[in-house]
Structures are given as structure tokens and as C-alpha cells.
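Here come two complexes built around subunit A, the first alongside subunit B, the second alongside subunit C.
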Partner chain A sequence: MPEFQFIGKPTDRVDALEKVLGTAKYIDDYSLPGMLVAHTLRSNLPHARILRVDVSAALKIPGVVAVITCEDFMDHGRFGYPIADMFMLAYQRVRYVGDGIASIAAENKAALQLGLDAIQVELEELPGVFNPLTALNASTTIVSEQPWDAPEYPRGNLLTHYVVRKNDPQNELARCPVTLEEDYSTMHQEHAYLETEGALAVPWPGSSGVTVYASCQSPFINRGNLVRTLGLGEDNIRVIQPQVGGAFGGKDDLMYQISGQVAKLALLTDRPVKMILSREESLIASYKRDSMQMHVQLGADANGKLRASQIHATVDSGAYASITPFTAWRSSIHAMGPYRYDACHVDTDVVYTNNGYSGAFRGFGNTEVCFAIEQAMDELALMVKRDPIDLRLQNCLRPGDTTPHGQLLGDDVSLAECLEQVRKLSDWKRKHAAYTRQAAEPLTPGEFRRGIGVAAVFHGMSLGAEGVDFAVGTLTVNSDYTLTLTSGLTDYGTGSRTAFTLIAAETLGLNPQRFNMPRPDTDLSHDSGPTVASRATVLGGNATHVTAQRLASLLNKSAADLLGCREDEIVRHGELYIGPKEEPATFELVVEHAHKIGLTLTSRGRWSSPEIHWSMETGQGKPYFAYHFGAQVAEVLVDTGTGKVDVTGFWAVHNTGTVIFPQGACGQLYGGIAQGLGYALMERVDYDNGYIQATNFDEYLIPTALDVPDIVGAFVEKPFAAGPFGAKNLGEPGVVPTAPAILNAITNATGRRIRSLPASLERVLLGKDLRKEGSSTACKLGLN
Partner chain B sequence: MERFGYIRAASVSEAVALLNEPGLKSRALAGSTDIILQFRHDPHYCDRLVDISLIPELRRIEQRGGWVHIGAAATFSDVMSNPSVIASAMVLAQACRAVGAVQIRNMGTLGGNVANAAACADSLPALICLDTVANILTPAGGQALPVSQLVTGPNRTVLPPGGLLVSFSYPVPDSGSRSAFLKLGRRNAMAISRLTVAAMGRLDEHGRVAEARLVTGSATPHIERLIVVEQALTGQQPCAELYQHAANLAVDEMIRLSGFRWSSEYKVPALTAMTARVFAQVFEVGEA
Partner chain C sequence: MKLQFNLNGCHVEIEAPADTSLLSVLRDYLGLTGTKEGCGVGECGTCSVLLDGRLVNSCLTLAAQASGRQVVTIEGMSLPDGSPNDLQQAFIQYGAVQCGFCTPGMVLAGEALLASNSQPTRLEIREAIAGNLCRCTGYQQIVDAIQSTAQKRQEVNPNA
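Then we have the complex of A and B:
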């Protein structure tokens, strides 16, 4: 591997100091003279027709300055991609508990509360759809209405349907000596970002335009929605992303609504308007990871060689489409796992219900299907009496293989290496043999038992066939010899600004300290699509690389002219430019000379992903330009007396290609695993008749530092040809295989298989869930 | 959150006077970890908080004449690290260590935990296991009440209005006594107890059980010593079968006292395991 100056070396995050000192500004830290506070009145019914919204009494309350509804927006504030079924505030109907109806701006919180109480809303309750499995029945209420301009809009509650098709698995299954048929189900998951949603809108003089500071992921999409719904031009709206306290995929749609509401209120009142959600409001109103019900059939030879898979999945999109059409598409592509089959069918139904709504969440549809297929693989290993890692090695995709989608894989595929490495690191052979022996012995009452489990992952890079995939960067040399770097892809805590800085520094041969990256801003950077799908390092990194190469070429021309030599004669030593006469020129001299000879030291670069294609009809194609691979092993200690599970060890090996920013990479890996551990064992979003039950972190449990073991992470750094300096993505894959690895370990310890999430105390001890009957009270309280 | 008044009391008598000042609904403030939640649920919870956290005698922990006295405003961190408590009542030290997380243990107080009287309060089973008496001061004078009588049910106490919990006193257990506390939560910190068990015991010179005590938490509406279980153990040779027998009796008591609830199907086997385990810890010297 080539030796790098900066890449792969430990370094400080570019925003570490301000965060440690507490000077980093988040939305709630902003306060401006004359600023109004805003709040949204939200539905306390899961499904109802809006008969009347009367804001006149609220407007008479002293201190209430403005009240808006959907009528204050163009086309009632309709937005959404790929399906425009949401509104800035509910239009005609509310479709989930927490749907916004009206929004108030007031001088202070007391007036705000009085104003909220004074809004008169008349709702006619409609039957709700809460069970995704019956959502498609003919007699079920229809959740979504077809917009006038969308003739291909959903049929009934079926939002969309996806297929993957390779040969005929039923035919193949009939001839397989070993077959498995099981159901698996996952639950919604809350993103649980530390910072709740919030936005501040600052109107321009005479309300000619508006700047919105928004805790969101994708400022350009935010601006696009504002353009569409406020009726202003692109030049009249600026969206700035301040420090964001975590997103994990969760700061899209609801943040777009909040941005729209504060922007409209600011334009109406000609005053700054800020809205911050309480944790309760955030938990109730925000979208979640979707829940999925999966039916899996696998067929194999007696020795474990996989031959066929047939998978049917139902995805609960909830009240709105949000980005679920894309997460479910990713689910379909990844449902069969990173394995070879002679035949494979996947069918995914995405349905509307009145259970909150689902959207983007780290892992993006793959987390759910990985939970199913990686447990099914373990079940198969037991049936054919093979070691679970051996079975995966026997069947896993390798360089030059063709996936069930018909995609020929390149030489970057490294799943076998990941599995082999994680096996060594975790001392798998010894532990698995010992725990398997122990599990066969009868339990003494209250015994503690250990188990170990593995799961593999493949994760398509970036957007895939979801959309146009590109990123743009810019670089400018400033008069003080610093450089300003921008990217249209944002850093909401992921560390991508540090990765981009290292890539630019490496490309230019300049110290990272010379660079600064302003907060993402639609006025200062270029649209690069959404910051999702683990695309920043590869897409944004490549764009940065291209941009930096262009600037490097200008600097080299200046240096050659200054040193009186050819460009290819220049040697770099640190930041110095050295010509044939071995007289070094500093970066400063080269910059000054460039100005003297009239060169403009700015550059802009764009990088587009390699070509991909997917046929929704044939279920075949090249869905992603490449894949990330990884394998994780969990070791657990199960209290067989109480069902309490402690994860006592964790090993993860991921095929990241070149690691750009080592601490950032480890942080993404550890964070993903911690989130996956919560998903596996404790996190639960229960919608009872549409009412979410846990509305704060006393009841919505996420892991603490005492629940997460030491994690041993390692990277297979086989350079990836299309990545910046050989890097692959890592933001999401860390979370994907964690839950199945833990559940496989529980089965190894207890002999009992849990096929539904989470593996709660009750499920581990009794094999079934136990719950108190739900109520709507907590949820309603949280909306005040 | 509504606005409310705040005043700091310098002494116990001043605190009682302030709590009983006519025309104001006052509440004692010690650690604030429960009060802050009360205000979120009920903005009119009280008009004024009387801060008792800086009254020195309310934080004192001392052993005097066969009793350990713990000031009501002693924090969980104070209690769990106190040498007298550790030497005499591991059950209480362990219960305090099981509360929340470091930050909450540094703020929250024993008196607050008892006065709030949540069914899942971690200190309650330990205090009741130790036969702890609560010392209460009202304008009419002092009174002492066993904690098991002070706390009558979930979030219910007979603390008189305007009364201040001043301290807790438990008799130092007989020499040779051992005690232990086990907590079951859905995660390893910041967890609301699903079940807790507090046990104490002592063996006689023949190695038989001279005394046994058991209290469960999050299992019954009223937290009390399970005398039936204790009696069944007394005089017996400690062994796994005996602990299992005690566990079965404890479960019977739980069902008798709380009825069969949605959670019972789970709590029956879980309490069985925990009871057997806690007695094994108490009686099997040399094991953890």
C-alpha cells in the first residue's frame, strides 16, 4: 500500500476543540433580538378528517404574533421524494398521532401555550390501519389519497412493490435435501439523536427572502422544499446547517416541515422565529426505522451449499412514504444476504398504515433483512451440522462471482477475509465448540451460560439505483495562505469534514491545519444530493480529490514558472516545491507567484458514481456500483434464570478499503455496533392503535456505557479502485449485522431461537413477548 | 415548567418551620432528581421548594449504640461508600449502588427515594430488610415509624403534611450476619428495576440458618419482609434445594399479595431465580 502523509494517520477532528470547549453552536444556542418562539399543534388522533381549523381566537391572545396552517403554503405545502404525499402542515386529514396541524409564533412560551390551547380544531375520527399484514385487505381503510397530478400513485395501501428474480426458487427448493422456512420480524427503531429537531428562520429585509438554520442532513433538499412550498426563488432562500447533534438518517422530512413552518412564520412576521422540539414531541412526531415482517425460505445441499432462497417481506411505511420506497428497495436487494444461489426470488410489499411513519435510518432497510437472513443462515448451519462461519465461507460472494441480481463483482470483494479475520480475533473455534457442548447439557436452575454468534453483511455503496449520484467540492486559496474547502455533503457528527480535509491535504501536499471547512450552506457550497447512504467518504471524498487535483495542477504550473523548470521536474518535500536546481519554494511563494502570473487559485470538482442500472420489472441489474463487506462476532452471557443478556465481547472486521481517518472510522464502527446492540436487546417502539408508548428515554431504552462491551475492530484495507485513495464507505454497515450476531449468540447459549426483536428479558426467558396493554395517555401528554 | 419559589434552610428546625409556613404549598428539596420530573408532570406541584440539601446533620452517617443513623439527605453515593454501612449492611450499600448512574447517585438521596416511594425504588427493600426506622419531625414534635409502615404502597406514604424525613436508623445486625441485594433491569445502568431482592441471614454454630430475611421490590404493592419465607428457612441446613424452596414460597407470596398480573408469567420464574441466588450469596460464605 502506498505511504501517505496524512491519510490513515491519527488526527484531531476538525471540530473537536469547539465541541470540547462547548463553543460549538447548535440551534438551541442561537438567540436573536426580537426572536419569536414557535410550536406546532399536533394531532392526537391516528387518523381523522380535518373538518375545521379556526385560529382566530389564538390570534387574539396577547403575545401570539402569527398562526399558520397548510393554507399558508403553495399547494398546501405538499412535498416529499420520491412520493410527494406530505404537507408542511396537514391537509384535509391527519394520518398519524403527531401530524402537525397548525403552527404558532409567539413572544414567549407562555403566550405560545395559551395560543395552542385557543386553536379550535374539529376532527372526525376515521378508522385506522395498524396491522401492516392486513393493510392490503380489500376492506381496510385507505390511508393515502391519490394526489391530482400523480396517476401512478399507490393502489390502495400498497405504496410500492419490489422484486428480485433469478430462476425459479420453488422449483429448486422442491429438489433440495435441506430446506428451511421461517418468519422473522423487526420492530421500529428511534434514532435517539442527542439533539432534538430544531430550526431558526431569519427573514431578509422586507421579507424578501429567508435564511434557515436547520439541524438537518441535506440542506439542498431542504431548500428545494422551501422553494416549492413558499413560492420564493432559489436565490431568496439560504439554508445553513449549524452543528448537528446526531441524525442517523432521522433529520429529513420532519426537519423539512419544521424548516418550512419557521420560514413561513418569519416571512409573515418579519422577525426571526425559532422552534425546538421537546424530547416527547420528537419521539411522537419523528419518523422511525421501518418495521418488517419477513418470510424466508432457504434450500441447500446436505453439505450446506446454498441453492435457493425465496423471501417475502412486508414493510410498514406508516402514514407517509418518506424515503421508505428507497429503504425497502435496499431491503429487496440485500434480503438474500451476501451469498451465491442458483435461484432467488425476493418480493417486498411496502404498505401504508397509521403507525407514525418510517423513513431513513442508518442501515437503511438492510438492518432488517440482515436480521432475518443471518439468523436463517445459523438455523441452516445447525440443520446441516456445520460451523456457522464455515457455512458462510462456503457460500459467500467472492471476487468474480455474479450476485443473484446478475451483477458481476470486482476484486474488491473481501467477505471471506473478514470472516477469517473475525474468527481468529474472537477465538471463535475454541469458544464455539465449548459453548455448543455446554448448551447440550441440562440447565441447573438460574445458571449463567455463554454463547457466541456471527453475522455477515454486504451493503451497497451510496444511493444505487435510487437516483442520480454525484458530489461537488470547491477549494479556494485565501489571502492568508489558508484554504477554504467546501462540499455539498454535510457533516452531522460523522466526521466527514475531517475526512475531506485529509483527502484535500494529501492531494495537495499541504498540512491539514491550513484548511478550513465552513458549515454546510446552500450559498457557499454546491448541491451534491442528500447526505445519506454512507455516501460522504466515497462521493464527497472523490469530489474533494478531483477538486484538489485541479488546484494542485494550478499550483504546480506556478511553481514550475517560478522555478524555471518543467512541471514534471518538481519534487515535493513536505509543503515545499523543489525544482532541478534544488532551490525550495514555499507554498506561500508559489501562491504569490500564481497571483503575479494571473492565475486564479480556486477550483471546483464534481464526481459522479460509475454507471448502474436496475430493472424494476425483471428484478435484475447492477443495483450498486460496489459493496462494503463485513463480519461481526458477539459473545454473550445469558442469565437463564431471568433472561438478562450481557454482551461480553464483540469483534468486527469490515472491508473499508483504505481508512482515511482512523478514529473516525473506529467511531463509526463502535457507534453502529452500540446502536445495533440496542436494536437487538432493548429498543422498542410500540404503536398501540397508533399511539407510541415510550415518549422519553426513561422508557425508550438505549444502551449505556455499561451495556456495551469493549469492541475489537479491524479493517480489511484492500484498496477500492473507485474510492478516494482506495476508501470505501462505513457509516451504516457497522450497525447492520450486530443484532443477528447477538441473537445467534443467544441461541448458541440457550438453544432457543428468538426470531422477533427485541430479545427482551421476556423473550429470552419465556420465548414470547409480554406487555402491559398500551394507552394513549403518555402520547397525548407529550404533545402539550 | 411553572415558576416556583426557592428557599434554603440552614437547620432542621428552620426547614420544618418553612415547610409549614401558612399560605404556601412547600416541598422539601434534597437531590431534586424526582422533583424535576414531578414539575414536568404537574406544573403546580408546589409553590416553593425548601432546600434541605446543605443542612449538615441531614447528611451525617454514624454508628451509635448498636444503631446506624443515616441522614435523610445523604446521597446514594454517600451511603454506598460509608464504612459503617458497608460493614453492617452490604444490602443497603449494594442497593444504593444499583440506583441510576453516577450522576444520579451523586444527587439523589435516601430520604427522597423513600418519600417518593416508587414501587421500584431500589433502597426500599434494603431498608425494610434491615428493619429500618424513619425519624420524622413535624411542628408537633418527632416521631419514629418503621419504613415498612411509612410506605404504604406505590407512591404512597403516611408522611404527615409538613413533616420532614430527618434520618433513618437501623439496628446493627448480629455478628455473623451477611446481606445482599440483587437488581434486575432492562439494561445495566439508568434502569428502572423490573425486580429486586434484598436478603439478610446468619448461621448458627451448627451451620444452620439462625435468621433469614427477604424483601422483594417491584413485585408487590406493599413492600414488606416475607415472613413465610423467612420462617421456612430458619433452623434449616443451607443448600441449593432450600434456596429453591424459599424461592417458591417467595413467588407464592408475590402472587398472594399482588395477584396474577400481565407480568407475572415472567416475574414468577425470574423471582424464583433471583431469590435462590440471593440466599446462595448470603449463606455461602466465601462466594461472591
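Then we have the complex of A and C:
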């Protein structure tokens, strides 16, 4: 591997200083003179026709300055990508508990509350659709309408359907000596970013335009929606991203609505307007990771060689499409796991219901299917009496293999290395043998038992064949010899700004301290599509690399002219430019000389991902240009008296390619695993007839420092040819295999298999639910 | 009602309704926005401050309860020249900061622990920050940062 100056070396995160000092500005930390506060009145019914919204009484309340509904937006504020089925405020119907109906701006919180109470809303309740498995029945109510510009969506409550097709698995299954057929189900998961959603809109003089500070992931998409729904030109809207207190995929659609609401209120009142959601409102109104019901059939030879898989999945998209068509497509592509099959079919139905709504969440559809397939692999290992890691090694994709989608893989595939390494690191052989022996012995009630479990992951990079995939970066040399770097991909805590800075510094041979990276701003950076689906490192990193190379070549020309030599004779030492004869020149001298000879020291670079293609009809193609691979092992201690599970050890080996920002890479891995641990054991978003049952952190439990063990992480740094300096993405895959690794460990400890998430006490103890479902009154709307 | 307390070493006096939380006084009345609100019900710890040296959730503390006492917020942690103290520096160095929303509370939780236990084990550190949620880091690098600071302080001042 080549030696780098900056890449892979310990570095401080670019914005860490202001964050430890407490001076970093998040959206609620902004306050302006004359600023109004805003709030949105939300539906308390899961499905209803809006008969009347009368805001006249509210407008008479002293201190209430403006009230808006969908009528205040162009086309009722309709937006959404890839399917425009949402509105800035509900139009004609509300489709989930928490759907926004009207927004108020007021002088203070007291007036705001009085105004909210004075809005008169008449709703006619409609039957709701709550069971995704019956959503497609002919007699079921229809949740969504057909958007006029997307006649292919939806068909009844079927939002969309995806297939993967290789040969005929039923044929193969009939001939396999070993077959497995099981159902697995996952539950919605809340992102639980510690900062709730919020936005501040500042009108321009005479309401000629508006600047929106929004805690969101994709400022350009936000601006696009505002342009369409406010009826202003692109030049009249600016979206700036302040520090974002976590997102994990969760700060898109709801944030776009909030941005639209405050922008409209600011334009109407000609005053700054801020809206911040309470935790309760955030939990009720925000979208979640989708829930999935999966039916899995596997067939293998007697020795465990996989032959066939047939998988059917139903994805609950809830009331709106959001980006679920993309996440569900990713689910289909990854449903069979990173293994070789002679035959494989996947069918995924994405359905509308009135259970909140689903959207992007780290893992992006892969987390759900990995939960099923990686447990099924362990069940198969038991049936053929093989060690779970051996079984995976026997079947896993390797360089030069062809995936069930028909994609020929390159030499970057390193799942086998990840599995081998994690086996060694976790002392797997000894522990697995010991715990398996113990599990065979009769259980004394109350006994503590240990178990160990593994899970593997592959994760396609970037958006894949469905999305636009490019990123743009710019670089400017400033008059004080610092450099300004921009990227349209945002950093909402993931550390991508630091990674981009290191890539630019490495390419230019300049100290990272010289660079500054302003926060994303639609006026200062270039549209780079959504910041979702593990796009940042490879796309944004490559765009930065291309941009930096262009600037480097300008600087080299200047240096060659200054030093009286050819460009290719220049040697770099630290920041110095050294030619064959003259004294070495500093960066400052080279910049001054460039100005003298008239060169403009700015550059702009764009990088598009290599060609990919997918046929929705044949279910074959090249869905992603490459994949990330990884393997995780969990060790658990189960209290068989109470069902309590402690994760006592965790090992993770991921094929990241070159690691650019080591502390950041480890942090992404540990953070992903902690979210996966919560998903496995405690995080519960129950929708009871459309009402979410947990509305704050006292009911929605996420892991604390005591729940997460010390994690041993390692990276397989085989350089990835198409990545910047050989890097692959890392932000998402860490969360994907964690839950199945933990559930496999629980089975290893207790002999009981839990096929539904989360593995709560009673499920571990009894293998079934005791919990009586909650009631709609448990769902507090949190408007006060 | 009139409230007075010592905030980060300075005497402050303000007028606020009796039911105002300490968090609201800090953020809305005094403009100190380093203290965050993540839940408002005492579950997340982003609003942590030190009250007479003890870690409390300022969202559940009435400002009146702070009357006449010492309050330390994240704004009071840095060195006199505005640079980060050793614990804050360790948070940067160990990568303990991602989105940063939990960071002020975590730093204060770390300080509160180190004030009463100069050589905590990793488990003791985890217990001390268990009331402070972090959704980004998985906690490991935060534990590393607090542990290394304890060790360094011990080297500098072995009798602490």
C-alpha cells in the first residue's frame, strides 16, 4: 500500500473544537430579533377526510401572526421523491397520526398554544389499513391516490414491486436434500437523533426571497421542493445547513415539510420564523425504518452447499412513499445475502398503510433482509451440522464470482478475509464449541448462559441503479493562502467533511490546516444529490479528488514557470515545490506567481459513478458498481430466569478499502453497531391501530453506555480501485449485521430461535409475546 | 421571581416565572446555548449541568432550585483563554465527537465523575455516563477520552 502523508493518520475532526466547547450552533441555538415561533397542528386520527379547517378564530388571538394550510402552497404543496405523494400540509385527507394540517406563527409560545387550540378542524374518520399483509386485499381501503404524473403508482395499496430472478428455485428446492422454510419479521425503528427536527426561515427584504436554515440532510432537494411549492425562483431561495445533531437518514421528508412551513410563514409575515419539534412530536410525526415480513426458503446439499433461495418480502411504507421505493429495492437486491446460488428468486411488495410512514435509515433496506437471511444461514448450519462460519465461508461470494443478479464481481471482494479475521479475533472456535456443548445440557431455571453468534453483510455502494449518482466539489485558493473546499454532500455528524479535507490535502500535498469547508449552502456549493445510502466517501471523496487534481495541475504549471523547468521535473517535499535548478518554492510563492501569470486558482470537479444497470422486468443486471463486505460476531450472556440479554463482547471486521479518517471510521463502526444492538434488543415502535406507543425516551429505549460493550473493530484495507485513494464507504454497513449476530448468539445460548424483532425479555424467555398491545391513548400528541 | 446564582464563576441575577426550568433560564434568558434539550423529560442528559459540582438534568431542575448555588455549564469548562481543557481536548483526540449534540453533557458527566473518582474503571465510566444518551458514537471513544484524561491527570498530580 502506498505511503500517505495525511490519509489514514490520526486527525482531529474539522468541527470537533466548536462542538466540545459548546459553541457549535444547532438550529435551536439561533435567535433573531423579531423572530416568531411556529408550530404545526397534527392529525390525531390515522386516516380521515378533512372536511373543514377554519383558522379565523385562531387569527383573532392576540399574538398569533399567521396561520397556513395546504391552500397557501402551489399545487397544495405537493412534493416527494421518487414519488410526489406528500404535501407541505395535508391535502383533503390525513393519512397517519401526526400528519400536519395547519401551521401557526406567533409572537410567543403562549399565543402559539392558544392559537393551536382555536383552529377548528373537522375530520371524518376513514377505515385505516394497519396490517401490511392484508393491505393488498381487494376489500381494503385505499390509502394513497394515484399521482397525476406517475400513473404507474400505486396499484391499490401496492406502491411498487421488485424482483430478482435467477433460474427456477422451486425446481431446485424440490431436489435439495436439505431445505428450510421460515418467516422472519422486523419492526419499525426510530432514528432517535438527539437533536429533534427544526428550521428557521429568514425573509429577504420585501419578502422577495427566503433563506432557510434547516437541520436536514439534503439542502438541494429541500430547495427544489421550496421552489416548486412556494412559487419562487431558484435564485430566491437559499438553504443553509447548520450543525445537524444526528440524522442517520431521518432528516429528509419531515424536514422538507417543516422548511416549507416556516418559509411560507416567513414570507407571509416578513419576519424570521423558527419551528422546533418536541421529542414527542418528533417521534410521532417523523418517518421510521420500514418494517418487513419475510418468507425465506433455502435449499442446500447435505454438506451445506447452497443451491437455491426463494424470498418474499412485504415492506410497510406507511402513509407515504418517501424514499421507501429505493430502500425496498436495496432490500430485494440484498435479500439472498452475500452467497452463491444456482437459483434465486426475490419478490418484494411495498405497500401503503396508515402506520406512520417509512423512509431512509442507515442500512437503507439491507438491515431488515440481513436479519432474515443471516438467521436462516444459522438455522441451516444447525441442520447440516456445520460451524456457522464454515458454512458461510463455503458459500460466500469471492473475487470473480457472479452474483445471483448476474453481476461479475471484481477483485475487491473480501468477505472471506473478514470472516476469517473475525473468527480469530473473537476466539470463535473455542467459545462456539464450549457454548454449543453447554446449550445441549438441560437448563436450570435462572441459570446464566453464554452464546456466540456471527453474521455477514454485503452492501452495495451508493444509490445503485435507481438513482442519479454524481457529486460535485469546488476548491478556491484564498488571498491568505488558505483553501476553501465545498461539497454538495452534507456532513451531519458522519465526519465526511474531515475525510474530504484529508483527500484534498493529500492530493495537493498541502497541510489539512490550510483548508476550510463551509457548511453546505445552496448558494455556495453544487448540487450533489441526496446525502443518503452511503454515498459520501466514494462519491464526494472522488469529486474532491478530481477537483483537487485540477487545482494541483494549475499550481504545478505555476511552479514550473517559476522554477524554469518542465512540469514533470517538479518534486514535492512537504509543501515545497522543488525543481532541478532553482531554490525550492513555497506554496505561497507558487500562488503569487500564478496570480502574476494570470492563472485563476479555482477548480470544480464532478464525479459520476461507473455505469450500472438493472432490469425491473428480468430481475437481472449490475445493481451497484461495487460492494462493501463485513462480518460481525456477538457474544451474549442470557439470564434464563428473566430473559435479560447482555451483549458482553463484540467483534467486527469490515472491508473498507483504505481508511481515510481512522477515528471517524471507528466511530462510524461503533455507532452503527450500537444502533444495531438497540434494534436487536430494545427499540420498539409499536403502531397500535396507527398510534405509535412510545413517544419519548422513557418509552422508546435506545442503548446507553452500559448496554454497549467494548467493541473490537478491524478493517480489511484492500484498496478499492474506484474509490478515492482506495477507500470504500463505511457509514451504513456497520449497523446491518449486528442484530442477526446477536440473535444468533441468543440461540446459541438458549437453543431458542427468535424470528421477530426486537428480542425482548419475554421473547427470549418464552419464545413469544406476552405484551398486551397498548392503546391509542398512550399516544400523546405532545402539542403542549 | 428574582433568581440569583453563580454561573461559571460569575454572579447572575435574573427575573423569571417561578416554574421556569434551569435549562430555559440558561438558554432563553441568558443565551447560553451550549446546554441542549434532547427530550425535556430527564431521559437523555443533553441538558446536563453541574449544580454544586453534581451532575443534574437542567430540564428537570427548576431555576429556583439553583438559587444561591454554583452552576457550571459547558461554557464554563474551557480554559481562561477559551481553549479546550484536557478532557475536551481528549474528546477531540479520541474521536469522541460525531454530531456533537450529546457532547456538552458528556463532557460535564465526565468532569463530574473525575471530580469524585480520579481513577475510574471503564465500567465506572460507563455507569457515570449512563444517563447521557449518545446515538452516534457507540460510547467507546467517549469512554476512551475520559479514561485517558483520568490517567493523564493522575500522572500530573498523583495525589489527587
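Observations on the model:
Note that in this section the second predicted complex is superposed on the first by the 775 of 784 C-alpha atoms of A that agree within 3 Å, B and C clash if a C-alpha of one lies under 4 Å from a C-alpha of the other, contacts with A are read in each partner's own complex, and residues count from 1 in each chain.
Quick note on the criterion: a residue touches a chain if its C-beta (ideal position, glycine included) is under 8 Å from a C-beta of that chain, and two chains touch if they have at least 3 such contacts.
Since this is a predicted model, take the numbers as computed values, not measurements.
Looking at the shared chain after the overlay, A:181 reaches neither subunit B nor subunit C.
Looking at the shared chain after the overlay, A:698 reaches both subunit B and subunit C.
Within the superposed three-chain model, A:675 lies in touch with subunit C and out of touch with subunit B [touch as defined at top]. In the superposition on chain A, A:706 makes contact with both subunit B and subunit C.
Taking subunit A as the reference chain, the count of touched residues is higher for C when subunit B and subunit C are set side by side.
In the superposed model, A:641 makes contact with subunit B only, not with subunit C. When the shared chain is aligned, subunit C comes close enough to touch A:664, but subunit B does not. Contacts of A:766 after superposition: subunit B is touched, whereas subunit C is not reached. In the superposed pair of complexes, A:122 makes contact with neither subunit B nor subunit C.
Residue overlap on subunit A between the subunit B contacts of one complex and the subunit C contacts of the other covers 698, 704-706. Note for the complex: subunit A touches subunit C at residues 10, 12-13, 15-26, 28-29, 31, 191-196, 243-248, 278-279, 492-495, 662-664, 666-667, 669-675, 696-698, 702, 704-706, 708, 710-711. The touching residues of subunit A, counted against subunit B in their complex, run 445-446, 639-644, 646, 681-682, 698, 701, 703-707, 760-762, 765-766, 770-773, 781.
Touching subunit A in their complex are the following residues of subunit B: 41, 101, 184, 186-192, 194-195, 240, 244, 262-263, 265-266, 269-270, 272-274, 276-277. Across the complex, subunit C meets subunit A through its residues 31, 33-41, 43-44, 46, 73-75, 77-78, 82, 84, 88-89, 91-95, 97-104, 107, 122, 125-127, 129-143.
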